[in-house]
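Written out below as structure tokens is the structure these notes cover.
When the chains are written out, they are named A, B, C, D, E, F and G in that same order, and each has its own residue count from 1.
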Amino acid sequence: MIIAILSGFIVASLIPILSKSIKGKGSIILPFLPLALFAYFISFIPQVSNGKPVDVIYSWVPSFGIDLSFHLDGLSLLFALLITGIGALVFFYTYSYLKGHPYLDRFYGYLSMFMASMLGLVLSDNIITLFIFWELTSISSFFLIGFNNEDPSSRKSALLALSITGLGGLFLLAGVLLLGATGGSYSIQELLSQSEMLKSSGNYGWIIFLIFIAAFTKSAQFPFHFWLPGAMKAPTPVSTYLHSATMVKAGIYLLARFTPVLGGTAEWNTTLIIVGAVTMTYAAIHALFRLDMKGILAYSTISALGILVFLIGLGTDQALLAAGVFILVHALYKATLFLVTGIVDHETGTRDVSVLSGLGKVMMPVAVAAFLAALSNAGAPPFFGFIGKDLIYEATLHLGDWAYVLTGAAILTNVCLLFAGLLAGYKPFVGALPKQFEKVHLPHPTMWVPPLILAGLGLVFGLFPTLIETSLIQPVFTSLVNNDTIIHIKLWHGFNVVLGLSMLTLTLGAMLYWRLKPSETLFNRTLKFEIISPKTLAEKFRGVFIILAQYWTGFFQNGYLRNYVITILGFLTLLLGYRLYQGVNLYIDFAKLTELTIYEVIVVIIMAVSIIFTVFSKSRLVAVASLGVIGYAICLIFLFYSAPDLAMTQFSIDTLTVILFVLVIYNLPKYKTFSSVKVRVRDGILSILFGTLIAILTLEVLSEPLNRETSIFYAESAYLLAKGKNVVNVILVDFRGFDTIVEITVLVIAAIGVFSLLKLRLKSIEKE
Amino acid sequence: MTDIIIIALSSLGTIFILLAAVGVVKMPDLYLRISVTTKAATLGIGLILLASAFYFNDSAITARVLAIIVFMLLTAPVGAHMIGRASYFTGVKMWDKSKIDELEGQYDSKTHKLHSEDQKSLRNNKDGGKAK
Amino acid sequence: MNNPYIVLPVIFQLFTAVLLMFFWFRVNVQRLITIICSLVSVGIAIWLFNEVYNRGILTMQAGEWQAPFGITFVADIFSATMVLLTAISGMAVAVFSTGSIRNARLKFGFFPILNFLLMGLQGAFLTGDIFNLYVWFEIIIIASFVLITIGGEKAQIEGAMKYVTMNLLASAIFLTAIAILYGMAGSLNMADLSGQVAQIENRGLVNVVAILFLVGFGIKSAIFPLYFWLPASYHTPPPAISAIFGGLLTKVGVYALIRIFTLIFIPDEFLSNLLIVMAALTILSGGLGAILQVNMRKIFSYLIVCHIGFMIAGLGIYTELAILGAIFYLIHDIIVKTNLFLISGLIFKLKGTLNIEKLGGIYKKYPKYSLLIAIPLFSLVGIPPLSGFWAKLFLIQGGYLEGQYTLVGFILLGSFLTLWVIAKLWSEVFWKEAGDLPKKINVKYFKELKPLKQWAMIIPIVILTIISLYIGLAAEHIIVLSKQISSELMNPSAYIEAVLGTKTEMP
Amino acid sequence: MSVYDYLYYIILPVLSISILIIFIRFLMGPRLSDRVVALDLLLTTGIGIIAVYSIHTNQPAFLDIAMILALIAFLGTVAFAYYLEKREKND
Amino acid sequence: MELLLVMLIGLLYAAGIYMMLRRSMVKLIIGLILLGNGANMLIFLLGRIVKGKPPIIDSASKMLTEIYADPVPQALILTAIVISFGLQSFAIILVKRAYKITATDDLDELNTTDEIYE
Amino acid sequence: MKTIIFKTASTYLLPLLVLFSIFILLRGHYLPGGGFVGGLIASIAFVIHSFANGIDQTKSIIKFHPGFLMPIGLAIALMSGAAPLFIGESFMTGLWFEEPFSVIGMVGSALFFDTGVYLVVIGVTLTIIFTISETL
Amino acid sequence: MIKTRFLSNLLLSLIWVAITGNFTVENFFFGFLLSFFLLWIISTDRRENKYFNRGPKLIGFIFFFLYELIKANIEVAYDVITPKHYMEPGIVKIPLDAESDIEITLLANLISLTPGTLSLDVSDDKKVLYVHAMYVKDKKEFIAAIKNGFEKRLLDIMR
């Protein structure tokens, strides 16, 4: 199985290498990959429908409990079949759709990668692995949406889609990790047994919040839905495959998958019902005013996704059954409509429904597919869509208090969706054929056969629901409700309220279709509401965020070195002060101090005066000279306190530094005072504060006893073991010789640096 | 005996240094300060160093002390010359009660060349020659 | 166990540098030596890693002076890993430089300095002596000063002023900290200090010193609010130099922080909270900075800051799991950041600019390079299962287990901002239609280079990309390694024992 | 009073006071040359202090520092003189 | 004496930092030098000071036995002094170069590399 | 600076100071001094000479660029440190001749090391100062 | 030339012996080798000069110098400690008989070393020495004192 899942990745990574041979006609071999996979997954139907899920585990990161463990049950199988089946059709479709496109090979690469990611997502039992595939779908989607990358709006849409789904991905990461941390396992199967514990744990609210956000972003739920219409910038095969049939359903899959684990609580159900209901109605109404076929389909997809979330939120057996069926229903008719849209666009060059008409005359098979899909969408009997709609009403009607409201919402949604379906699947093909479309002809069969197959299946499953009842739907239901209830789906339930509602929907939809004629003006009128749409708000939020970023960055990284230094030192002073205040007891043992003598006092006075003189001197030369005096005073202090080597070195170095200064000083700027008195006082206060802290710290350390072990060792072995009598020198060249070799290396580097700074002048050609 | 020599030498040396110190503060112009101090100090330090040579009474140390003295005798006047000359260039004025300045105008301000003949009279002669 | 040869990575770098100096004017000879020697040092590093991995902690007492009296070098698995990564990054940058750096710079000691810098890094990772660490840090900073200014262009000098000032400030603080530490404990050996500091009764004082170390190393590792030098300077030198800086220089600060705060100063509550707050704000500052930039290298510079925050977060949480995450991130980040800066160098040679608004069309013209580059880019984002992803797992999980939910939020925010920035960068630089190449440009374009030089620029990128793929796909290996490192760090007794062993009797 | 005490209680303080006096000139200036002269004298006097201190502590090793001081003090003066002349030339 | 030295060290640190906070490049360098001196003095003082007993074994004996100054801080300071010399000379030249290129001593004018849009 | 007095003095100071620097170098193991201070004194000698006579003349005396003393010195220090590695001992392990030499005393790797330091310091100081003087 | 070189070599070896304070044959040879090596490295163009031909005169000169030094120091001291200034300073041009660089340098240094006088500079053609003096009562007298004192004695030794 792992090969089946990863084959997409393998193919994708082989494509850049083999791109020459795959380009052009050679690419026809690629659709056989999903086809083969489809067949492979079909072969699991008997086993799975017998209630025996398939489990495969490959070790990957055992030390963190991350395995490539796959669990093929009804839900996964349904998705796997959709992914590979529709995948195969889309692959074939693409062959003609992008024929002659220079980057066809790349496109197939991304598509294969996506397919593999999606398969991995739905088959993973390990939630970390699931997350990994989840992210991979986002990334492949990014590349696919941005496929026409020289078009700015494509790039923008790709970025938007990635931002939203990427954000969701991070929530998912946070969610699954929290889930794992709480449940003690990353395996969904194992978490199932922890279900009760998880629901009662304190993290439960956070877990479902995080997972909800992930699901809502991926499945374009309100208010995260706005990336999806933009994603339609992608070539039609992508819209078909990712943005209607598979990827957007990943969020649904996630919710469905976790329903047995986390579902059934009030928080879970209420949130999903509200979000689902709002999304389905909001998007359905939006679909009414679109002119672009893809736009219509995009909003109707969002609405359909809302229905699914809504159904999962209802959480009753009927609702979950309805959800399971509706996933399939929607995939079939929506994919068809998208593929059809692609053909129309491909052949006529437009997708504007107000322009398109009469195309049935020139591309009959396409029109047939479109009609079938539109009818299934409408929920007309005997189509599979009818069954789906029935189940939905069935579910909403059994909800007690809220039944009427929710059913009403469902009807409203369905009416609008019906309208949208007719607009996309019916309107372009009927009526008079405008002149400009007379030369339009039927495309290559690889383009029109796939929609026909899909639409046909919608009819077949409607007529013969038993075909899939036990083989597909029952296992799906089982994995959703996690019990042994047996379901029955059929076309005809007799005359009942549900049928009435279906008919009502059909009638209202048809009326709407006759009454409402989409037009530019109408569309523009709806645009006014965009100011309060989530998209606009998100963009505003982004703007605010950027301003915040500018403010923050501009505040800290303001370009002024002194501000950097003062920030660092202020921070240090604050921490030091706090820590000193917190835990240091000032205590000075005067008895331990060495006596004062006049010559030392004088040296100290000279040094102190020189320091102040250096700071306040108005001339840089005087400052340098007085820096020299400081150095010489230090040298004397070293001398008085038994450090002849130090005194020597300090003295020579000090002189050399002064010489260096003197040599370069007339290439140095004259002293100027730039800062205001206020700034100087502030800096002065900080400096004095810092100096005082260091002094206090020093006193504190002086009152501690010192461990002399090391120094005693040196004193005792300098001559006997290292054959030297100047212990300091012995330390430098022997005990700690490593320091010295590094130290001279520092000097060498500094010299090279000075040399290159002064001598290297790049000619213009040599810059880089 | 050594003690007396040490005390004598060090006292004398210290007095010279003190003199130099007072001189460097008191003298009215830079040249006088250089003049007074550099040498007085050299002599003073020489004496103090000799005192320490006597104290340690070790040929190696004595040799070293002599070396220091030689070094100082070698470098101090050169240093004084350098700083004096440079100061003259940078226009450090002499004490206003100074009697005579034969260096005035002798430096070529561009090349820093120092002439031996009196430049003023040379110039006057030239001008005079022209006038005739 | 004692092994005198663990110091080889350091010595060999010094040897290389000295050898190169003898060929000061022979630029091509320098190129050859650099390539050969950098390969040899990778070999040495692999040997060392292997040795340590198989035999445990190795020590070298310089001059055979037993710890704590001499300078001890310690190769534990953490050090050995860092040495290996340094050798690899160093090799990549060295080879890249042979192609990309112009002769003018090479004639002024570029290669010797580069090797000195690597020597400093290797030394810092291997030393077990706090003052010796200071000395290595000084080598690193002076070498980086020279590298950042080599060529002396205006931007370089301006950046360098800030870089130099703040690094010198950091050194002064570090030195102050060492002074106080020695004044309290009378030792410089880090393993010895571990015990000595633990015995000091005046805990207040110990805490204060810890603060000094935190700020000193914090500046070097570019943590909030100490990071300002980094975005001001990292984009100014030639890209090969930025690469070694971006890959390794801040990491040595992180290394030092981790080492010090696991071995000598075990953070108390205040300190870990402080680290956590600093980490969160570091992530925020880096991320916010990055989204504003249009210069590719400045973007990467801010991202360095952002991602340093991840590592500090791991240290702040201070559990074995979180430190595992920090270590994993460290490993990943060294390879990927080095690579990204090399890539910026490549792009500059291709296009003559690094302004993402002016760049474009690379995907169209160079599809294979683009896909190659995509891997490190998205590794940085942490797209699973690429290398940047794994560390976050542990950091977040570590955060959860310690109840640091806000910090987890910041880590996620940082990840999101990284994603945003990189996606934007990809879209602008690779997808967008190609703009006109700058007319007045002072570089030789890539296509004008000799094939040998072209290869010299491409091969290192390929190697580093393969390594980052390995880190991501064979994450198990890296996790096992990081786990071993973090468990050694959290239980330093083995380290201390390996260093101190039985102290020699005094004569 | 022994030689030791004499040096310690008389000579060393007097030398220190000399240094203080010289330092006054250093602070007063007014020209750079004045400060350089004062600095030079300061160093020379330092040699004296070192010599006396070496007797006081019975450490001949300190005389070596005096030796180096004598050598290098010269260099500082020369450098400043060098600078003064160069500046003159450049201005 | 320790008290005086402590004050001196505090003063060196304060002066160093004050100079580093100026806008003049030359003052910045002087500040760094002062800071370095402060750190060296700090090491020296914290190694505990001993008067007139340099850690040099006299010619007659084979080890230091009586009280002597701790040689370790001295060795550390020696190394630190030398290193700071290297760094300082580089910094001085850098300032010179910066001045030559930018023709200003005002550090506030050296902020192009920090501009967000560049 | 063209003054006869300084020029003449510097001509005599140069060998004297270099000699003195070697003295300081050799006795470093026993008394204050050593490679570092020794190197500084030697370079000061050359610096003084260059002040008096100009860089070119000083350079012509040294006959090669002083910068080359840096790798030479480093190499010597490195060798003396790394030599013990070849006999399986740690870096910087002291190796000593059995008997003391006259004048210098015990000769061992420490002395070579210090000599390396000495040369490096000369090379560094002169490189810095000469470069500055040349590019004024 | 060879002779000069040898003499310098010898002189440096002696200085070596002196500063090391180790008066042994080995040390002398070591110093000799060292200075030989040094001179080989630092081959400066040095004019021929004969150091040791004039030993006795040298000793006489040293005593003369010390005498001058102390005498002048006392004179200056008086001026320094008394509040009033008695001096009459000025810069005087002194024509030189000394010709070689070493002669001029030695003379100038000796003048500088005696308090009250300071050799400011030598003219580029080496013909005159400009001396700053504290007590220039009479210019001619002052010049004569220097020419007959320091210069004459010095040249006696040097030539």
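Rule of thumb we're sticking to: a residue touches a chain if its C-beta (ideal position, glycine included) is under 8 Å from a C-beta of that chain, and two chains touch if they have at least 3 such contacts.
Chain-to-protein mapping (UniProt): A = Monovalent cation/H+ antiporter subunit A; B = Monovalent cation/H(+) antiporter subunit G; C = Proton-conducting transporter membrane subunit; D = Cation:proton antiporter; E = Na+/H+ antiporter subunit C; F = Na+/H+ antiporter subunit B; G = Na+/H+ antiporter subunit E.
Computed from a predicted structure; not experimentally measured.
Peer 1: If each step moves to a chain the current one touches, what is the fewest number of steps from subunit B to subunit C?
Peer 2: The fewest touching-chain steps linking subunit B to subunit C number 2.
Peer 1: Which chains make contact with subunit F (Na+/H+ antiporter subunit B) and with subunit G (Na+/H+ antiporter subunit E) at once?
Peer 2: B
Peer 1: If you average the Cα atoms per chain, which one ends up farthest from subunit A?
Peer 2: G
Peer 1: C-E versus B-D: which has more C-beta pairs touching?
Peer 2: B-D
Peer 1: Which chain has the mean of its C-alpha atoms lying nearest to the mean of all protein C-alpha atoms shown?
Peer 2: Chain nearest the overall C-alpha centroid, as shown: C.
Peer 1: If I average the CA coordinates per chain, which chain comes out farthest from subunit C?
Peer 2: Centre of mass proxy via C-alpha means gives G as farthest from subunit C.
Peer 1: In whole angstrom, what separates the CA-based centres of subunit A and subunit E (Na+/H+ antiporter subunit C)?
Peer 2: 49
Peer 1: Taking the mean of the CA coordinates per chain, how far is subunit A from subunit F (Na+/H+ antiporter subunit B) in Å?
Peer 2: Each chain's C-alpha centroid was found; their separation is 61 Å.
Peer 1: Could you grab the centroid distance between subunit A and subunit B? Build each centroid from C-alpha atoms only and quote it in angstrom.
Peer 2: Centres of subunit A and subunit B (C-alpha means) sit 80 Å apart.
Peer 1: Taking the mean of the C-alpha atoms as each chain's centre, how many Å separate subunit E (Na+/H+ antiporter subunit C) from subunit F (Na+/H+ antiporter subunit B)?
Peer 2: Centre-to-centre distance between subunit E (Na+/H+ antiporter subunit C) and subunit F (Na+/H+ antiporter subunit B): 24 Å.
Peer 1: On subunit B, where are the residues touching two or more other chains?
Peer 2: 22, 34, 38, 42, 58, 61, 64, 67, 74-76, 78, 81-82, 85, 112
Peer 1: On subunit C, where are the residues touching two or more other chains?
Peer 2: Residues 14, 62-63, 131, 135, 138, 142, 145-146, 149, 152, 161-162, 165, 169, 176, 180, 183, 188, 231-232, 292 of subunit C touch two or more partner chains.
Peer 1: Going by the touch rule set out above, which residues of subunit G (Na+/H+ antiporter subunit E) reach two or more other chains?
Peer 2: Subunit G (Na+/H+ antiporter subunit E), residues with two or more chain partners: 15, 19-20, 22, 108-109, 119, 121-122, 124.
Peer 1: Which chain pairs here would you call touching?
Peer 2: The list of touching pairs comes to A-C, A-D, A-E, A-F, B-D, B-F, B-G, C-E, C-F, D-E, D-F, E-F, F-G.
Peer 1: Can you name the residues of subunit B that touch subunit G (Na+/H+ antiporter subunit E) in the complex?
Peer 2: Its residues touching subunit G (Na+/H+ antiporter subunit E) are 16, 19, 22-23, 26-29, 31-32, 34-36, 38-40, 42-43, 58-64, 66-67, 73-74, 76-78, 80-81, 84-85, 88, 94-95, 97-104, 106, 113-116.
Peer 1: Along subunit E (Na+/H+ antiporter subunit C), where are the residues that touch subunit C in the complex?
Peer 2: 16, 20, 25, 28, 32, 35-36, 38-39, 42-43, 45-48, 72-73, 76, 79-80, 83, 86-87, 90-91, 94-95, 97-98, 101-102, 107, 110-114, 116-118
Peer 1: Which of the residues in subunit E (Na+/H+ antiporter subunit C) end up touching subunit F (Na+/H+ antiporter subunit B) in this complex?
Peer 2: 54, 56, 78, 82, 86, 89, 93
Peer 1: Give every residue of subunit F (Na+/H+ antiporter subunit B) touching subunit D (Cation:proton antiporter) within the complex, in rising order.
Peer 2: Touching subunit D (Cation:proton antiporter) from subunit F (Na+/H+ antiporter subunit B) are residues 1, 6, 17, 20, 24, 31-33, 37, 41, 44, 47-48, 51, 136.
Peer 1: Help me check something: in the complex, which residues belonging to subunit E (Na+/H+ antiporter subunit C) touch subunit D (Cation:proton antiporter)?
Peer 2: 51-54, 56
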